[in-house]
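Structure in structure tokens, see below.
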Amino acid sequence: MTPAPFDRVVLGDLVLPDAVLPGGWVAVRGEVIAGLGQGVPPPAEDIADHSGKLVLPGLVDGHMHTSSSTGWAGIEGASMSAAAGGVTTCVDMPYDVPRPVTDAGIFREKVAVVEATSHVDMALYGTITKEGGVDAIAGLAEAGACSFKLSTYEYDAVRFPRIDHPTMLAAFREIAKTGLMCAIHNEDQELVLRLTAEAKAAGRCDPIMHARTRPPLAESMADLEIFEMALETGCHVHIAHSSIARGFELAEVFRRSGARTSGEACIQYLCMTEEDLVRLEGFGKCNPPFRTAAEVERMWTALEAGKIAYVSTDHAPWPRERKLYRGDIFAPGAGLTGLQSFAPLFYTLLAERGLPPTLMALYGAERPARFHGLFPKKGAIRVGCDADLMVLERGDFTFDARDIRDREDARWSPYDGRAMKARVAATYLRGTCIWDGRDVLAKPGTGRFVPRQHRDTHLGGA
Amino acid sequence: MTPAPFDRVVLGDLVLPDAVLPGGWVAVRGEVIAGLGQGVPPPAEDIADHSGKLVLPGLVDGHMHTSSSTGWAGIEGASMSAAAGGVTTCVDMPYDVPRPVTDAGIFREKVAVVEATSHVDMALYGTITKEGGVDAIAGLAEAGACSFKLSTYEYDAVRFPRIDHPTMLAAFREIAKTGLMCAIHNEDQELVLRLTAEAKAAGRCDPIMHARTRPPLAESMADLEIFEMALETGCHVHIAHSSIARGFELAEVFRRSGARTSGEACIQYLCMTEEDLVRLEGFGKCNPPFRTAAEVERMWTALEAGKIAYVSTDHAPWPRERKLYRGDIFAPGAGLTGLQSFAPLFYTLLAERGLPPTLMALYGAERPARFHGLFPKKGAIRVGCDADLMVLERGDFTFDARDIRDREDARWSPYDGRAMKARVAATYLRGTCIWDGRDVLAKPGTGRFVPRQHRDTHLGGA
Amino acid sequence: MTPAPFDRVVLGDLVLPDAVLPGGWVAVRGEVIAGLGQGVPPPAEDIADHSGKLVLPGLVDGHMHTSSSTGWAGIEGASMSAAAGGVTTCVDMPYDVPRPVTDAGIFREKVAVVEATSHVDMALYGTITKEGGVDAIAGLAEAGACSFKLSTYEYDAVRFPRIDHPTMLAAFREIAKTGLMCAIHNEDQELVLRLTAEAKAAGRCDPIMHARTRPPLAESMADLEIFEMALETGCHVHIAHSSIARGFELAEVFRRSGARTSGEACIQYLCMTEEDLVRLEGFGKCNPPFRTAAEVERMWTALEAGKIAYVSTDHAPWPRERKLYRGDIFAPGAGLTGLQSFAPLFYTLLAERGLPPTLMALYGAERPARFHGLFPKKGAIRVGCDADLMVLERGDFTFDARDIRDREDARWSPYDGRAMKARVAATYLRGTCIWDGRDVLAKPGTGRFVPRQHRDTHLGGA
Amino acid sequence: MTPAPFDRVVLGDLVLPDAVLPGGWVAVRGEVIAGLGQGVPPPAEDIADHSGKLVLPGLVDGHMHTSSSTGWAGIEGASMSAAAGGVTTCVDMPYDVPRPVTDAGIFREKVAVVEATSHVDMALYGTITKEGGVDAIAGLAEAGACSFKLSTYEYDAVRFPRIDHPTMLAAFREIAKTGLMCAIHNEDQELVLRLTAEAKAAGRCDPIMHARTRPPLAESMADLEIFEMALETGCHVHIAHSSIARGFELAEVFRRSGARTSGEACIQYLCMTEEDLVRLEGFGKCNPPFRTAAEVERMWTALEAGKIAYVSTDHAPWPRERKLYRGDIFAPGAGLTGLQSFAPLFYTLLAERGLPPTLMALYGAERPARFHGLFPKKGAIRVGCDADLMVLERGDFTFDARDIRDREDARWSPYDGRAMKARVAATYLRGTCIWDGRDVLAKPGTGRFVPRQHRDTHLGGA
């Protein structure tokens, strides 16, 4: 008997970046999508029938932190919640404790930990040390870093340092040679430190002061500095997260002048406001902070106009204890969990605005994969791509933080209790089901490191 | 024994708008693409093996004239050359002799002739009479016209009239209600008539005078007039053919002001120059005329920057006799054959410039289909689309006009003798082979009329 | 005894384009301003004491028609009303009956009539015949024409013909060589004729139909045509009167592209609306027609932003009989009297908006003089300029058309009965008082022809 | 006998911002221009006959430092060289040793010193202390400061501190309330310090390294920061000196976005290049440094296009000893003498480029006076203005630094030995001759403090 030409077919309504194919199928051979179609599927060893549900590409989260608070040990739990959230590729930030990823040696060590412990596939940013460190850039690129990340603001001199202008300029020159993108945490340190000091001196440490001490100007000033250096060096410079529409406008202004500039939004900047910060206290604290409802609208306008590179989570699973507000909003760590809520929330926000789920395939999978040089291996339901799929079941659900599949103290969420219009019913990683809607079936080590696939800069377009 | 899930699989290197899939397959069920993939194909009743060749979507020629010189009888021959040229969908102009397509009744009559005689699928433009005629617009749209075509220049008061400003304004208002696009033949009649009269008076009727009497200004003045009325009415107004890059710039300027404006290039404006006009005499005469080599370069710059709606042929198969130059360049008819040379020429021009064949899938299939509201039924190798395919064999060939599959007196071409880097090895229309590289297998009536699929205006983007 | 160094000093508050000098004086020697100052004046043979009144430069009306309805005989009366209105330099249009100014011979004849009959100084436009006529351009420039005027709309095939595109293009090329400006009457003839015919056919000949049959689009389409030819030829092309702010925007867009384009407003477009047309019937009819109150506001915004070349009257003193509405608004002549009301109205409009009278010195004197190449001889209270002065007495006045100093049947005005905040208390032409607030002291022949002073194009700036 | 109506008439060819009046006269009454004219002058008590020479407005140097190196004692000498150089109004920087002008008390003390020791009139900038100091802004404006000056770069923590972002932001908010302009020394400190440290570490302390360690990017990054804060606060923010055309472009970009931004050039950036730095060593060192010849051309293009606010000297009369290069270009003070060479050099540069001296009246007198709120009291030959005049004798001269009228150790100049096409033959301050071409006739205390005349921001236009 002839063997079936495919190992598995996955049935469902396929969500592509520009269309939905009802009654579709994805045919998997090995770990790869070997075919896709509509109607009666071809024979296969196995049939995964999700008829009536949406089948999207597994999401690519272009910006998250597994190891910022708990070290590389955090990879295991964070990637488990990713699996449960339909995120099949994490692009992990380099700001790890105790050692950030600042040279090829550390990079390779982290790769080994990823391969040993991750539940999903993972690409990795590199970074540089606060002083010097530029020499390590070529080696990091060589080792497979997909992108770089630097900061204009210092959280910690070792883990997350501010890179000063001359060092950043030197780094941009060096990164330009690699062709990779350099994402920047964009806050003007002088403004933030002073406003924070003044707030403290005035005895104002209540939650809203987190937003007041990091005003939009702190972002836009940083944006301008990095973009002028982008224009000078030819480096692709990317705002790691713009909470304001002006960030995307500035990227466009500089692009028109010939610079390679872009910026991304995090999902929280597309829905959360200062009121949420006040309500959530420490659990609503992230940097940049939530803005106004009017700014959220401007962000959506920018997204619909195609001005945003992609949408990410900036997932940062602080231990719950570190997020508690005890009268001083400046004390808790900045960052939110977001991997497991990403897909249901993104779908819900689109549905609430009458927008199609195709935008999720585009901004949550294809475009982040393109910007990080992972496309077409990752980010799409296309022939030849890894068979990374997420199945969304539509309905009325409530996001419950207790269901987060991570270590106990990371089971909190700013979206706890939020009504959702979909849930992740299954996740497939390279053709294998790693989440069946109830349990994470992947094991530590199921995930793999994904090196940069090529070095072409992507600046937009579909 | 289980029946094969597909009727046919077509094997080859699939050329998509943004990638080439080597070793691919397209699975056909009925007339539609039911699947596509790479590697071992699924079982099918039939296998069409074009391994090693390029498989593109059948081309969509958004601008051609089957019946301008010979009436509806011309449909049969022109569509045969389309089949041999890999063009599976013709969007036929309404300027037919003796009766242009100016009302729903005529439209339906033409549809019947198309269904009876065409070798490939065909969508149809509508137009209006020189005076009045605006009232027929709604009926034409209702009857399935995909777009409208009007002219600022008069070739013939009945067949191809100049529509004056007030009538055009009224037409735009009416077309705006239908949501369809209105393409415009854009030449300033006053300028052209005067310059022509002066040339004749001066005894200058040699070939180059065809270009001299229709200067770029004649186009740009017409462009501005129609775009200002587009801005006023909200109608999608489209330059039917811009031989100059300024046309696309003006479309962009008006789009930024909120108008719905666009413009297309014909393939000849991407390669032919005034020198070719002098060389080819009547057989190099078309309107607008060929421009300079520098303008050709500007056209390519516009194309690569995404400013051009799509690329078409403006195919007009004048009887050879009507193209002969006998000392008066103003006597021969204006227009070139182009359907059968379209695919090899487009591929060759791209190859000569080191550009990928994906641009052909984009500008020669997907985008014309989008602008004419035929996408996704037509224009793409995508699941659910009509299984219209063209197979390109790469190699060194010479275009020989004697091979044109049309009536004898239409077997001439401005590209006769040109070196080509590919030839059309096969054409599939809705899953059936209609050209096998030697013979047109389609019969009159194999082709069908394709009505507008929807009424969304497409102004660009992928 | 030493003779006084000056023949006359005129005392008053001097209104310059950017400041008002209270207690000022202007010292005249011969016909020229030989000095100006503040406080105690220098000795002079004569003192004209207007202390407490405003002394402005005599106005330069850059656009008016003395002889369109009554032939050169009209110069005498129109220039008399100019004197009474503080207008010391008229730039007269060439559309004279029975013979427009289409060659140097006619030009010189008209110069002779001006010198024999005008009460104020006069510069002259030239024009061309409907066909041919381009060859006369160099001669007209040589004879001293300050500018040219052509039209896209035909009132009369001889007096005021439409110049078609090829002729206009040829004319622009020729005028470009002279360095002079070419003003264009900008209305799309096809649109206007058709809308008018339709209105008549529908029995709609009531006053508002004059506006409805000449919509803003009729202007903007003409503007685009002439500006594209300006870009092509390098000729300074000027909208003779834009009743819509878009005209000035288009001029700016083309200037940024390198064209030499500009546009002027008439004073009526800064105050009159469609309601005034309905109220005034034939006496409110001019071309382009009055627009909406919202458009008037946009016009002022354009003026304050410096986008308007200058402000003129388009004075056209039709015999009263020819302006009467007898049930058909299409019958009366188009055009308004405006010379005598210009200064009081301009001052009043500025005062009503809280704007300074300096704008009147700028837009009613200096800038028209600059655009027509008459500056600095005309248009300013500056040393070395002709001692042309206008004295404004502020107060509450009412404009009474019966006071117009012209032939009896030209004593009508759309502003009859309007409250004015100033009146012209005196006018000086080259140092001599020609209007003392009651009587015109000038005689026919007091005025002189003023040839173009130089051939530099002025496109804006102070 | 009637007393003469004027105290003095000055005869010569008057250079206005837009014209030259040959054979002109300026009539002075008291300290003010009471009249001006051409030809036979009115009677006056005194006649200063400079017939055949150019009479310009006394220059207004909008940017200079009398007291940066030697304290307020420096005012006396610097103002003497100003008198000899035709500069009648100095706008003195606040970075005085030992105490910068950071509050109203110090301001008033400096005013007293100015009134006691200056040879020419003087307006004064205010500044703030490195920390705090914002509260003093209102008082400084009240005391008559014409403008403010802050720096992004620190020369000295007390005299010339870097103002950090939060303090600058607060200062801009406060200055915005006063309506005054805030000029900024624009260099990115981080870049400059690092590049300097690296150069020193590499043993590269030769002259060209002064330019290499302060690259154009150091300016443009600072420009963007201050302009973004300008946009946020509404403050008029002005680049104190842009050595690169990009500075003016950025000012224009931000103006179009609604910010109040501008920038000035110093005369050295219109002629000196890196080659001059190498040649002059310490005597060619200033900040920003000289750029390339190509950049000088771009600066002139910007000037002719009206994009530059005004032209200044940045005069800084370091003791000669402090400018000597002894193998370390980083050791000498930064700054050039320029007051006495300003007028001859400006005239010469214009003449060498075929540009009229009117540009000197505009950019060297009227516009700086407008930007600093001193116009029309200062900056123009206009009725009612202070009778500040400079007389230029044309011819072939050589600038000789030994002729500088300042303390001995300030008699050096980067222009020493340069061929000049004019010399200052006389200077009049408020009607009195203070320089007769050989001797400074003014005494310490002849000059007066000039307070801000009004608080309107001027952003350009004539």
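Odds and ends about this structure:
Here the chain labels run A, B, C and D in written order, and each chain numbers its own residues starting at 1.
Throughout what follows, a residue touches a chain if its C-beta (ideal position, glycine included) is under 8 Å from a C-beta of that chain, and two chains touch if they have at least 3 such contacts.
Note that the structure is predicted; figures quoted are calculated from it, not measured.
Any chain touching chain B that also touches chain D appears here: A, C. Interface repeat of C-D: among A-D, A-B or B-C, the matching pair is A-B, sharing over half of the residue-numbered contact pairs. Here the spacing of chain A and chain C, counted between their Cα centres, is 65 Å. Work out the mean CA point of chain A and of chain D, and you get 52 Å between them. Distance between chain centres (mean CA atoms), chain A to chain B: 43 Å. Looking at the complex, you find that chain D touches chain C at residues 2, 5-6, 14, 18-19, 21, 24-25, 27, 29, 33-43, 306, 376, 382-384, 461-462.
Every residue of chain D that touches chain A in the complex is listed here, in rising order: 164-167, 169, 188, 190-191, 193-195, 217, 220-221, 224-225, 228-229, 232, 253.
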